[in-house]
Structures are given as C-alpha cells and as structure tokens.
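What follows is a set of structures to go through.
Below, chain A partners chain B and then partners chain C, in two separate complexes.
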Partner chain A sequence: MDHARIVFGLVALAAALALPYYAGPFWTGLATQMLIFGLLALSVDLLLGHAGLFSLTHASFFAVSAYTVAILQVRYGVSTALAAPAGICAGTLLALVFGLAVRTRGVYFILITIAFGFVVWGVAHRWSSFTGGDNGVTNVPFPALGGLAVTSHTQYYYLVLAAVVACGLGYRVLIRSPFGLGLRGIKASESRMRSLGFRTGLHLYAAFVLSGALASFAGVLYVYYNKFVNPVAASFPISVEAALMAIIGGTGTIIGPFIGSGIVLGLRNWVSSFFELHLAVMGAVFIAAVLWAPDGLVGLAGRLRARMERAKEAGRP
Partner chain B sequence: MAQHDAARSFACGAAALLAATGLAFSGAALAQGGPIKIGLLAPVTGPLATPGKDMVEGWKLYWEKVGYTAGGRKVEVVVADTTCNPDQALTQARRLVHQEKVHFMVGPLCGHEGPAVAQVSKETGVPLVMDPAGADTVTKWERTPTVVRTAVSASQIGHPWGEYMYKELGLRNVTFIGQDYTWGHEVTLGAVRTFTALGGKVAKIIWNPIGTKDYGPTIAAIPADTDGVSAVVVGADRVRLFEAWFNFGMDKKKKIYGGYWLHQDVLPQMDERAVGLIGNSLNYAAGIQTPENVEFTTAFAKAYKRLPSWFGESAYAVGLWTKTAIDSIGGKVEDRDAFLKAMRSVSIKAPRGPLKLDAYDNPIQNVYISRIQKVKHPVLGEVMTNVPIKTFEGVSQFWNIPPEEFLKKGPYKR
Partner chain C sequence: MSAAALEVSALAKVFGGLAAVNGVELTVPAGERRVLIGPNGAGKTTLFHCITGTLAPSSGTIALFGRDVTRLPEHRRTALGMGRTFQITNVFPELTMAENLALAILGTDRRKWVMHRSLAAFAAVRRQALEGLERVGLAGRADEPVKRVSYGERRQLELALALNTSPKVLFLDEPCAGLSPAERQRISRMIAGLPRDITLLMIEHDMDVALGLADRVTVLHQGRVILEGTPDEVRANSEVRDVYFGHA
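Up next is the complex of A and B:
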C-alpha cells in the first residue's frame, strides 16, 4: 500500500521533471501556474481541511507579498535575495493581523475574511499612486540570486517545482506533528480539545498565520511567473477559486489542492481554446464534485479503492 | 534589447535543449508560404462579453470581406478567450505564441489585460497590435518596442470633450461623474484638464466603482449651482445612471452630457428619453456618413442584425490596418521588425476616418462628439444611433500639449 504510493509519487515526479521536454513551453507555463495556485490552495486547505475554518481572504496574503516583491524589485531595484523574503514577511505580517478573525467561527469567520479580502483589494485598486491601480506593477524580472539567475520559463518551472516539493514535504511534517493533530482535533470537536487543556484559539491563530505565510510564498512564486501584478490578484474570486481547488481535489490531503488547481486552470485555459461555453463545463464539474465526490477526487479515489478491496475480500473463500 | 538578452540566455544549457524540441515541433509551421496565423485575444465570456462579441464579429467581418488573405497568403485566426482576467490573458497569450505559433497578436479588450499581454510580447518578441485596451501608459510611459496600439489612448477622447463643453456647450461649472478605475480616471481627468485650462470650474468630481448598484447618492451629491454634468460610465452602470437620472426627475433640472456613456451597444436598452442626449466623445460613432462607414455599418447590420459599437469598428479597422501592413511587406510576417515598421508607417482609411500612428505608437484620429438620434436604417429600419455633431480632426494622444511636457507631468491619477 505505502509501497504503491511511493511508486506513484516517483512516477509523478519523473513526469513533472520531464514535462518541458515533451509538452512544450505552453504546457510548461501552465503547469507552473498550476503548481503556484496549487500551493495557494494548499495554504487555504491548512485551515479548511485540517482546522475546519473556511477562509476567503487568502488572495490578500498572496497579493500583498506579490505587490511587495514587484514594487521592491521594479521601483527600488532591490535584489531577489531581499525582495522575496520581504514579500513573505509582508504577507505574514498581514496574516498576523487578519488572524484575529479566528476569534469568530462558522459563518462569521467566512464573512469577516471576505471583508478583509475586500479591504486589501480596495487598497490595491484605489491607492493608484503606490500600487499602480488597475495597471498594476509591470516588468518584474526573473529571480536572480547573486550569480545564479533564472533566464527562461523552463528554468523557472524547475525552481517552482522544487519549491513546491519542498513545501509539500514540510507541510507533511507539519500536519503529522502534534500541532497538526491538534488542529484536526479542533476540527472534530473544539470543546473537547479545550476541555483537554488545549488553547484552541491560539492553536488556530498559529495555523492561520502559517497558512498566510504559505500563501505569501505562493504570491512570491506567482509574481516572478506572471512578471506583473494587479488588483485581480487580490480579488475575491481568487480566494474563492483557491478554496474550490482544495475542495475539488480533496481537502485534508496534500496532493488534492494541486489536482484541483490542475483541473480548474486546465479547464479554463485549455477547454476555452476550443469550446466557448467553458464556464458551463467548469460549473458542471463543480456540481458533479459536490454531488458525487464531496471529499474531492482524492476522496473519490479512496472510496473506489476501499470498494475494490471489499469486493476482493468478499470474493475470497 | 529584450530579444538580445533572451537570445544570450538561450545559449545556456537547458534552454538549448528546449529550443531543439521546440524546433522539432514547429519546423513545418514556421516555413514561409504557409498561412499567416493571427491570434485574437478577446473576452468571449465574462463581464465584458458583449463588447467582446462586437470585437470578434467586427474582426471576422473584415476578414470574410477580403477572403482571409493578405500579402498573397492565407490568413488563419485563432481566437483566445481572456475572460477579462489578466492572468488568463497572460496564459492565453503564451498559448497563442508557443502552442499556436501565431505571427502576431491582436487585442486584448480590457484595460488591465493590456500590460499582461504586452509582457508576453516583450518576452517572446511576437508583435502585439493592441486593440482596444486603452491604458494611457502603454503608449506613453511604459512603451514596449514590439507593441503598437491601433485603437485609442483613454485620455485622447477626454481632451476634446473638455474643450467642447467649454467652447460649444458654454459650460463653466461642471460636475464630473467618473467611473472609478484607470480608464474612467484617464478619460475624466483628461476632460478636466482641458476644461479647466480654458477657465472652466470643476463643481465636483464624483467617482463610482464599476458595478455601482444605486446612482441615487451620486445624483443627490450634484451641487445645486452646477450648470452641466459630464458622465464617464461603463458597462451596466450606463443604464443605471440613465434610469436614476430620469427617475429622480433630474432631466427637468439639469443637463447631462455623456463624455463616454451611451454607446451603440447600450442603445437597444434605452427608450425615447435618450433621444437628443449628447452621448459620447469618442473616436467612433455608428452614424458617421462617410462611404467607408456606410459600407461597414451596412455589412455589419446585414450580418449581425445590429449596429456596431466602437469595439466592433475598432476590430474591423485593425483588420484593415494589419492587412494593409502585411500587403506592403509582401506577406513576410516572419520578419517581425518589417511588420512592425509597416504597422507604424502605413496609413489607412477606416470607417471611423483616416488613421496613422504617431511617434509613440498611438493613432492620430478624429474624435466625434455625437448625439443620440432615431434614424431610418436601410437594413434595420428605425433605430437609435450616435450621430456626430462635431468632429475634432486628427487628434493626437497628447492633444495640443508638446509630448515631452505631457510625459513629464505623469499619468492622470485621481
């Protein structure tokens, strides 16, 4: 069982490594985008899948860090070595503030995070002397660290792939740690965790900040891929899509958000090239996911496997 | 410049391999003599799907008319849906360049998609004919060598509007209603600049975000002593402002004029009350009575049972413009520099009048102040349309201000 999973992981990794050689630059670029948005969805899922908090403000951290990097690099000529960490710090600082939302639960948490998201979008949109308004900040260069510089989209793809794999492994450690188990406990029953002596509020706050930091990192990867950032990055639909990606792929898993991101971006960018009603296709996929795969595709796969194993056992004399 | 950097970087290891695979895939497509491939980036779906439709149809109308040929070669068009989202526009532009191997791109429509697509043109060297995205900065402060604009620069239509209000409408104390985003800022503040330069006074500027549901507060905020109201509104807000204006009985108290308001695409949603209003100060009005425009609007009406908005005309004109350029270089679009040079040097007679690029890659063109009138159309019967009442000929994006001085002052910001 575990053996099969390792084999699957290695095959997937090999396919990802070889992608630029068989798929060409468009698919490589799209795959980069899928990985970046998958990472954003993964950050949302830390709250959604593990702590049971539905956040709709993650585009804020994503955009704040992207804007920080873009403005520092383009306007002040700051190097990547400083700009990228500054971006993550800026997003994380914002998460420290927005994290106060964990004082609320359920629908109130959703509402307050929506409001936070709109504040950031509004600032990006309206403070045009600083953020460039609708036009955003353009001409962001590829990242360069001293003599090491990314010079093509293929190289950047490998950088993103490496970053995402590293994040995935770190994330795995995190969710298996006592901290991650604590989160799951809170999701299952917060009152019970509290009666066991856990400071659940603090626990959730820490998860929120960590999740914001991860979203900020995705923002840094995004701005170097896109080469520009504008208020759309901070907009409500980005937050919603990130959550939908996690849900379609499967919440509470690591691979799920990436599968979801692949499906959403793939549908939009590939299906739209030959089918005008691509938004209807996307809608149908969402409805199908809610009806038949409420645990996402990963959950669906798990269910099918369990059924097959049951059938095998039943067939045994 | 960018191309040289790119070329140098291609020399490094991994990129060379990539180039080899790329060549294997594209060898046949790049051979000259095959069809010319043009990528059209338009918001086929999303919030601006209506103008996007006009754009695609105007573009197709032109190429159908000339049988999809230019410079002795067949022309193939690949339409990519940008959904009015810059991320999507960027990915689609990359698809057009890498996957479809287009020779050049046309579009996008939404202002904020412009810089995104220009980015792709910059990194790949594939020319972009920007139409109709209108962000001022593209042909002023942040120009890209491989990008030319064939439609309009936002403030280009605002400048004549300010002068018209002062000189012809005799207004002295105007309230400006502006849509709160880059295009709205640039059109509105362009008009404010020329209006105040003549001595006009701004009573108030009221900004409304796109998608403002209720124009009541806006109307209530109009100062009592103002002698005219200028409206720059887009999308569904155009109808909301129109309805609110009449519902509040403002038509009996004040005069409202559209700087950028009642385009052709919204007129079917309007009734008699619109007749007689000055609807637009724009580089196109469907009611222009030149042979070129009559031919165009008749063909458009026959094909699609409606009159074109400026998005439709702009796409049609860019078809004519690119074909003229391709013809002038004998179809050799593989030579990107020659193609761009041709785009920059040819002049055309579009339905909206004569067009030519200035030294900053933005067209010099007429701006029409138009009034809504009911006319008898040979194809559509009785129909409301914008009829020009004043033509500013050969308007530059810098108006009458020397370009250097204009550039020094920086972009219009609210």
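Up next is the complex of A and C:
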C-alpha cells in the first residue's frame, strides 16, 4: 500500500513538473493558483481536520501577509528577501492575537473568527490611505533574490511548486509528531486530554499560530502571482472557500486540500461565464460533499477501494 | 507526621439549586485503598470531578500530599500525580490503541510539545505504550483503531490511560460498569494487583468487589459522607443498609 503511495506521488510530481510543457500558460496559471489556495486550505485544515476547530478567519492572515509584501515592495522598494519574511511575520503576529479565539469552542469559535475576519476586511477596505482602498496595491513585481529573479509565470509556477512540496513535507512531520497526535486527541476528547495532563488551550493556541503562519506564507505566494492585492483577499468568501476546499478534498489529509482547491477553482473558472451562479454552484458542491463524501474525495476513494477489496474477497471461492 | 495523600475539606458543588456535593470531608493516607459507595445520584462522580479538577467546586479545599491544589487547573493536578478514569468511557475512538496510550504517556512529559520529529522516532514511547497495553491484557491490539474494539476492551483501555500518567493517587469511577462477570473479575484482579504505593480511590457499586478491595470504605449519601470505616464496619451498619441496600 505504501508502495502505491510512493508511485502515485512520483507520478503526480512528474506530471506537475512537466505541466507547463503540455498544458500551456492558462492551465499553468490555474495550477499555480490551485497550489497557492491549496496551501491556504491546508493551513485551515491543520485546525479543522486535526484539532477540530472551524476557523473562518484565515483570509485575514493570507491578506495581511499579502498586503505587507505588496506595500513594502511597491511603496518602499524593499527587496523580496526582506518583504517576504516580513509578510509572514505580520500574518503570524495577527495569528498570535486572533489565536485568543481558542478560548471558545464550537459555534462561538466560528462566530468570533468570522468577526475577526470582518475587522481585517473592513480595515483593508476603509483605511484607503494605507491599503489603497478598493483598488488595493498594484504593480507587485515578481520575487527576486539577489541576482536570482523570477521573470515568467512558468518560472513562478516552479517556485510555488517547490515551496508547496517543502511545506507539504514539513506539514507531514508536524501532524505525525507528538504535538500533532495531541491535536487529534483534543479533537476526539478534550476532557480526556486535560485529565491526561495536556494544557489543551495552549496546545490549540500553538496550532492556531502555526496555521496562521502557513496561511501567511500562502499569502506571500499569492501576492507575487497575482501582482496586486485588494480587500477581496481578506474577504469572508475566501475563508469559506479555503475551508470548503479542505472539506471537499478530505480533511485530515495533506493531498485533500489541494484536490479540493483544484475542484473549487476549476468549477469557479468553468462557471465564471455565468458568474452569478458561482456561489450557488459552490453551495451545491458543498451539499453534495456533505451528503455523499463526508470525509471528502480522499475518504470516498478509500471507501471505494475498501469496497472493491471486499468484493474481491467475497468473489474468491 | 507526613501529609495525607488526599485531604478534602468542606467541599461543596452546587448545580443550580442542587447541592450534589455538600460539605464533604475526606482524608486518605498515602498507600490506602479507599472505596466510595453510595446510591445513584449520591454525588460520587461529582466529588471525583471536583477533586481532579474536571469541575470547579463551589467551595471547600483539596490538598494533594499537603499541597493545596484547589485552584490548580486539571492538567497541573495530573502533573502532580492525580490520575483518573471516567464512569462513562472517555477514550479516543478515532485513534489506535497504541496512540491512545502514547497520549497518556506524553501528557505528563515535555515531549508532548515536540513538533519536528515523527512520533514513530520515539521508540521508548512505543515500547512503553505496548507495555501499558499488555499490563491491562490488551497486548496484540496495539494498532487497532479503538472504534473497532469491544466495550470491554475500551474499559480496559480506560484503565490503561489512567495508569500511564504515572499517578500517585488514582481515581477509578466504576471501572467495572457495564462489564460481564468474567470481565469484571479480570479488571478487579488487575486493580487488586496494582502496586501498593499508588493511593487508590474507587467508586464501586458491586459490594463484593468494593468490600474485597477496600482498606476503608466511605459511604456517600445526598452529597454527604454518612459513614467511614472498615469493610466489616460498613457491612454491619444499619444506616448504610437502609440507604444503600434500600429495603433489602
């Protein structure tokens, strides 16, 4: 079984590496977005799939980081080497504050994160002297490190791919670590975790901050791809979509959020000709996922495989 | 004189208008095995919750080995040596048996904060988890998800979790609840075989199990201690017969 996984991973990686050659710029661009938003969804899923916390404020970290990079690079001419880390720091600092939401649970946690999200969106929207208001900040260049500069969308795609693979590997270690097991324990029974000696509030707070840092990193990748950032990046629908991606693809997995991201972005792209319907289609997809694939497409695939294996066993004389 | 393992004084817990625990005094010397009995709703579980920090008491104090722990959060009390099981099985159904044990081991260990290394790299934790399972008769089921094991095995796991937090004082809330007679016997034998340096408080409805295991017995009724004594004294007491055995 692990062999099949490795083979699948290598094939997927090869397909991803060759993508710009067989798919052309349009699909390469879509794939770049899929990776970036998949990373955002992955950050949401650290809380949702592992700790059992449903955050609807992750667009905040994503956007604060993107704005920080954009403002530093465009307005102050700061180099990528400083602007990108500054973006991650800014988003993570915000996560240190918003992380106080872990004092609440369940629907209160969801509500308070929604409120946080609206505060950030409101600031991006109204504080136009600093954020550029509805227009946002435009003309963000490609990233450049010393003499090494990204000059095309294809190159940038490879950069994002490398960053996502690195994040995926790091994330894998994190969720398999004692800390990661602790998160799943809290999701399953917080009361038992407390009685075993875990300071569950601090555990969740740490996860929230890590998750915010990852969302901030996705924000950095986003702003260099998009070339501009406006209040849409901080908006509620982005937070909802990120969670939706994780749910559709499969929470508690690494590949799931990326699959979900591909589906959501693909669908959005496909129905964008009749844009009004976009949200309705998303809603329908969400309902379908909850009804027929409550553990996402990854879970659905697992169940189908288990069923096929059972059928094979049964068919054997 | 050294301090008692546990000293509870004037403890009360009020739910709305109901005093579930109503001025309990309880002193348990180190190494003693104390059984708590009392009819349904007597406040036994609530008393345990207050002592271990699952619930905050309305008033009163709790001292562990002479140290006031009344205001400490639950996880700190566990770190100081309180371990417990729950009357209603409280394990991690989504995780495997070994992962359940690993959490019990890590809970009182700084390694719970390690983020940069896979748990699989901690061979000692794995070994300890397997030993912990073996100790309660669950060897060989280590990688089974808990949601696929029987109720009886979950009760054994419940006990294993408490034992693996390295408790000095162990609180068992009806460990045999809902088990078959054979499983009951097995678990009570396991409890009887615990090292004597662990101070034990156990809530138990089964009088044979209770009186067989206890050094002393405390009888709770309507949130109050109505009697404390040796098993023989309790058996002979007519008041206990009235409230506990009803009209029998």
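As a working rule, the second predicted complex is superposed on the first by the 301 of 317 C-alpha atoms of A that agree within 3 Å, B and C clash if a C-alpha of one lies under 4 Å from a C-alpha of the other, contacts with A are read in each partner's own complex, and residues count from 1 in each chain.
By definition in this document, a contact is a pair of C-beta atoms (placed from the backbone, for glycine too) under 8 Å apart; a residue touches a chain by one contact, two chains touch by 3 or more.
The shown structure was predicted, so the numbers you read here are calculated from the model rather than taken from an experiment.
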Room on chain A for both chain B and chain C (clash or fit): fit
Touching partner for A:Ser79 - first (chain B), second (chain C), both, neither: neither
A:Ser128 touches, of chain B and chain C: first, second, both or neither? first
Which superposed partner A:Gly24 touches (first chain B, second chain C, both, neither): first
Superposed model, angle subtended at chain A by chain C and chain B (C-alpha, nearest 10 degrees): 140
Partner, of chain C and chain B, that touches more residues belonging to chain A: B
Touched partner set for A:Leu196, first chain B, second chain C, both or neither: second
Chain B versus chain C - smallest C-alpha distance in the overlay, whole Å: 35
Shared chain A contacts, counted only where both chain B and chain C touch the same residue: none
Of all residues in chain B, those that touch chain A in their complex: 9-10, 12, 14-15, 17-18, 21-22, 25, 44-45, 80-81, 83, 85-88, 90-92, 94-95, 97-99, 111-112, 114-116, 118-119, 123, 135, 137, 142, 180-183, 185, 413-414
Complex interface listing, chain A residues touching chain B: 20-22, 24-27, 29-30, 33, 125-126, 128-129, 133-136, 138-139, 151-152, 154-155, 226-228, 230-233, 265, 268-269, 272-273, 276, 278-279
Chain A residues within the chain C interface of the complex: 173-174, 176-182, 184-185, 187-189, 191-200, 203, 206, 210
Contact footprint of chain A on chain C as seen in their complex: 52-54, 73-75, 78-79, 83-84, 86, 90-95, 99, 102-104, 106-108, 111-120, 122, 125, 161, 165
